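Please read the structure below before turning to the comments.
We just call them A, B, C and D in the order they show up, numbering each chain from 1.
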């Protein structure tokens, strides 16, 4: 692979500016690159269903505290089998409650376009203060209320490199995206959900869980952003959080992938996916594209959603 | 339509017994009629995608108290735009929390096979006490961890009857299921997700929200159960809760549709869907079948899940 | 009793202005009239303990939905007796979770000085925008972190009027405060917690629960505010919310008691107390003063707290 | 100090049996040793208020994840100052939500008598299965619904030993309880709340937070149990959890202090208190007894409560 230096501040500013889709779909647009998922794209996605196989790309609800899960989800029974007779009704029933602050490192979730700001602005130039204490009044997860149903493509970087997993801090470069496409005989197209596998599941299984904040995580080099923008990616997902941790030292930028996709491009992100099972299925069938369904909860004013995305091969 | 009396206790017992799939897929099976969603079924479902249109079948997260929502969901911001700089990190970010005890009358949700018991037994004969205070050890929502991806069929009963909506307490009979199929030129087949529309959305819009417990809700006559069993339905959904409220007076039975589908057949239920938009789309394209995706959160030990099912026409 | 007209806007403005304690305890003070609870006051409060009797002034945690409780509290088991062995540890243990958005009409709670603003300002002139989406940076409940421990006095208005309870919308006038003091042979003094009983418990028991927002609640006439200010009340509490509902029609004012006590005076409020048992005990012993303990949870940035205040006679 | 070996299983069984208060206050009693807090005790407690000083004994609500706080509490704003106008009402108001699974190592809380079982039995011989998935039907926190208002005594063990804090795993022996009483000129009496300080606050401040489960915590030797029982202690509290961690290796026993106080004696426990400020005040005034108020939330069926106990010197 070629050498890819960390961008200077000037180069990073340029990447951000040249990736901007602000105004592209009108001044009031809150949907962003989901606009690229047209009826034709959805029909093409349906054509990618060849095996009739559905594969979850989600981790389990993260109820157990761990180094990568300092704010565990809540799952509690409201009524169990020991006391299941509904008073005055006669039905035997059990029930539970589930709740989560999903923007962590352990929860498979969708980032809405209000989740990140740059210089006080969110996608399409709205002010981040429109994200109120009572909920987002702009760019909420309701942009994806009818679900993200499109063609998905998995780029399996450990497979490309011939390793079981990438190490924390490993950086994926644009030429690797090209090389993965080539070796997998697949191409990321306009309107696609682009998934980047880093082998995080495998590493977690082999080595145990770690804190991405303290010990790092593999992710994309900022120079992948023009690549993503050029392809017209609708949604970007990863088993990590797409960004590298610790982040590259670029003045004025903290998580350049989050900042540029969510804010400049209006590209929703899928973080902390589980891609190991999907990668195995793709390799088995030599099929790296599929229908991909990510169906967020309809939360008015939400900044994203926990969800269980499913690939259908 | 023919006259359909309320079943006697003996008849209801017989319906339940003759609907039983216990042991059909082995003594340890916890998946039930999801077993009917084969690769072939999923491929056929993909073929039903003709318009490339995705339509949500979910209500919004029910955060507002209402007569049909006595236990509202929680949606609260963790960090808003007024204070969005992540301390010590530099990212401008907003985040929220969402939580819900979803088994109510206002939340679109999936019922897992542990949600209801009859005589202390859940699907496949497991004891309901296996549903512990710490979570279900049998028949949890993890049965559907890879999502419910199948062919869906909507039977639009108000359209059949030439009304805008069914009234609370209205009972849908098996011959109406036949008639809806005929008039819509569609057929419920093995492995399908069968959706029964009652016009609840339209009535709610026109007349305001009401308490199904106090004022009733339209649903299926218990004699629809043999019909459903005969067709090999994999999952049953409705904009109501499939059962009629107030329930028919049958000794020993409270919610016969819930009790027979979940417990005897091992058929998962989708409650409180929003089917108005889907019905309109189906009518517009004269297409009453579609790919149907219901992707529950992966909650270990969960009794179901809030979710946003999406039909793809 | 004399006739007490609803104040004009000018009179209400005057009441608010003349009640202001802004700057009285310095420009950075966030404690307000809790400053009046001195060591001497606490010692005098101890002297009021004559019977050795402790009486709760709190409702039960409001987990049941009701007309006065549209956002019920959450109480869920984490681990019950059916599965109580802690894995890998050997202890048999049960546990639960409790959570509440306590500022409702059904939860006994303390209002911190950041809970209400007038014209964008909270107590001592701080801007309400200092109450961030991430928590209050000014006037949080931490002002009462060492508890409110003072002398309490109950003024029992139904007893004064010779009725079992006040009706929703009933207005308590300043001369009634004087009359209650006289008939009870007690006097509200500087630093006291002043409790005003309206018989809400008794009415709820007799007539069932009602929605204070729709059907009203008894409370104090705005002309009681100068009375309260003149006495140097430290904290004001009621079995209602001190304000009358529906509120008096005064241009620019919505809940004049909340607005003037919390914002102008810096007087914390105790809402939705249960005072029936206390009133009975006070009458039994002809003792209307007592030590009063209200001990809020220490929530950094909190706008108040659920709590269980206890009077010690 | 004398040498205090770890009890054998036989000795521990004997301690447990000889500490039993089962039946002492009747077969249906659920209040346990709170029965010892009589009116006389409360009046004596009032007499201990000499300075008029109120001191919180609670940690802040544990919202931040830490080694000793794997399940952080939830504190989230419902409405902040950026959007504080209540729709359709006109009030400017802010509000929040607080929730916690309080039985951890970071939350100051009360353990109800249903919290721990030995051999399937809770205090007074009730079966632990009476603690249902829907809440405790026996020995809930409602036993303390009128608050714990009694005389408190602090035994300051680091002060006795001439150290700043005890180290994790350090064991406090009965002769140290005697010695602390003597050096402090105070005596634990029937009906008292006995508080044992280990200097945990000071150690946490100096050395940072640690995981008591992994790294241990100071606590009481099991031979302190007869001492506690002999004195007629009503409630036991500590800045730790009273038990030593890791627990002493005694066959059949895991946390002998929890097991014997809660189950045999019916003595409620206060865990994870903050006692540094109280210890300083006690030392300053050479006053080691005080009125002690611990006022749990009234949670029907609760296994305890988060709370903010306050000592009044």
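Operating definition for what follows: a residue touches a chain if its C-beta (ideal position, glycine included) is under 8 Å from a C-beta of that chain, and two chains touch if they have at least 3 such contacts.
The shown structure was predicted, so the numbers you read here are calculated from the model rather than taken from an experiment.
Visitor: Could you tell me which chains are in contact with subunit B and with subunit D alike?
Guide: A, C
Visitor: Quick one: compare the interface residues of subunit A with those of subunit B and tell me same or different, with half as the dividing line.
Guide: same
Visitor: For the chain pairs A-D and A-C, which is connected through the larger number of C-beta pairs in contact?
Guide: Pair with the higher count of C-beta contacts: A-D.
Visitor: Can you work out the rotation angle that lays subunit B over subunit C using Cα coordinates, in steps of 5 degrees?
Guide: 180
Visitor: Hey, how far is the Cα centre of subunit A from the one of subunit D, in Å?
Guide: 45
Visitor: For subunit A versus subunit B, what separation do you get between their C-alpha means, in angstrom?
Guide: Inter-chain centre distance comes to 28 Å.
Visitor: Can you compute the centre-to-centre distance for subunit A and subunit C, using the mean CA position of each chain? Integer Å is fine.
Guide: 47
Visitor: In subunit A, which residues are in touch with two or more of the other chains?
Guide: Within subunit A, the residues that touch at least two other chains are 74, 77-78, 80-82, 97, 101, 129, 132-134.
Visitor: Which stretch or stretches of subunit D touch subunit C in the complex?
Guide: 38-43, 46-47, 49-56, 58-61, 63, 74-75, 77-78, 80-82, 84, 89-103, 114-120, 127-136, 145-147, 149, 254-255, 258-259, 291, 293, 295-310, 312
Visitor: Quick check: in the complex, which residue numbers of subunit A touch subunit C?
Guide: 74, 76-78, 80-82, 97, 132-133
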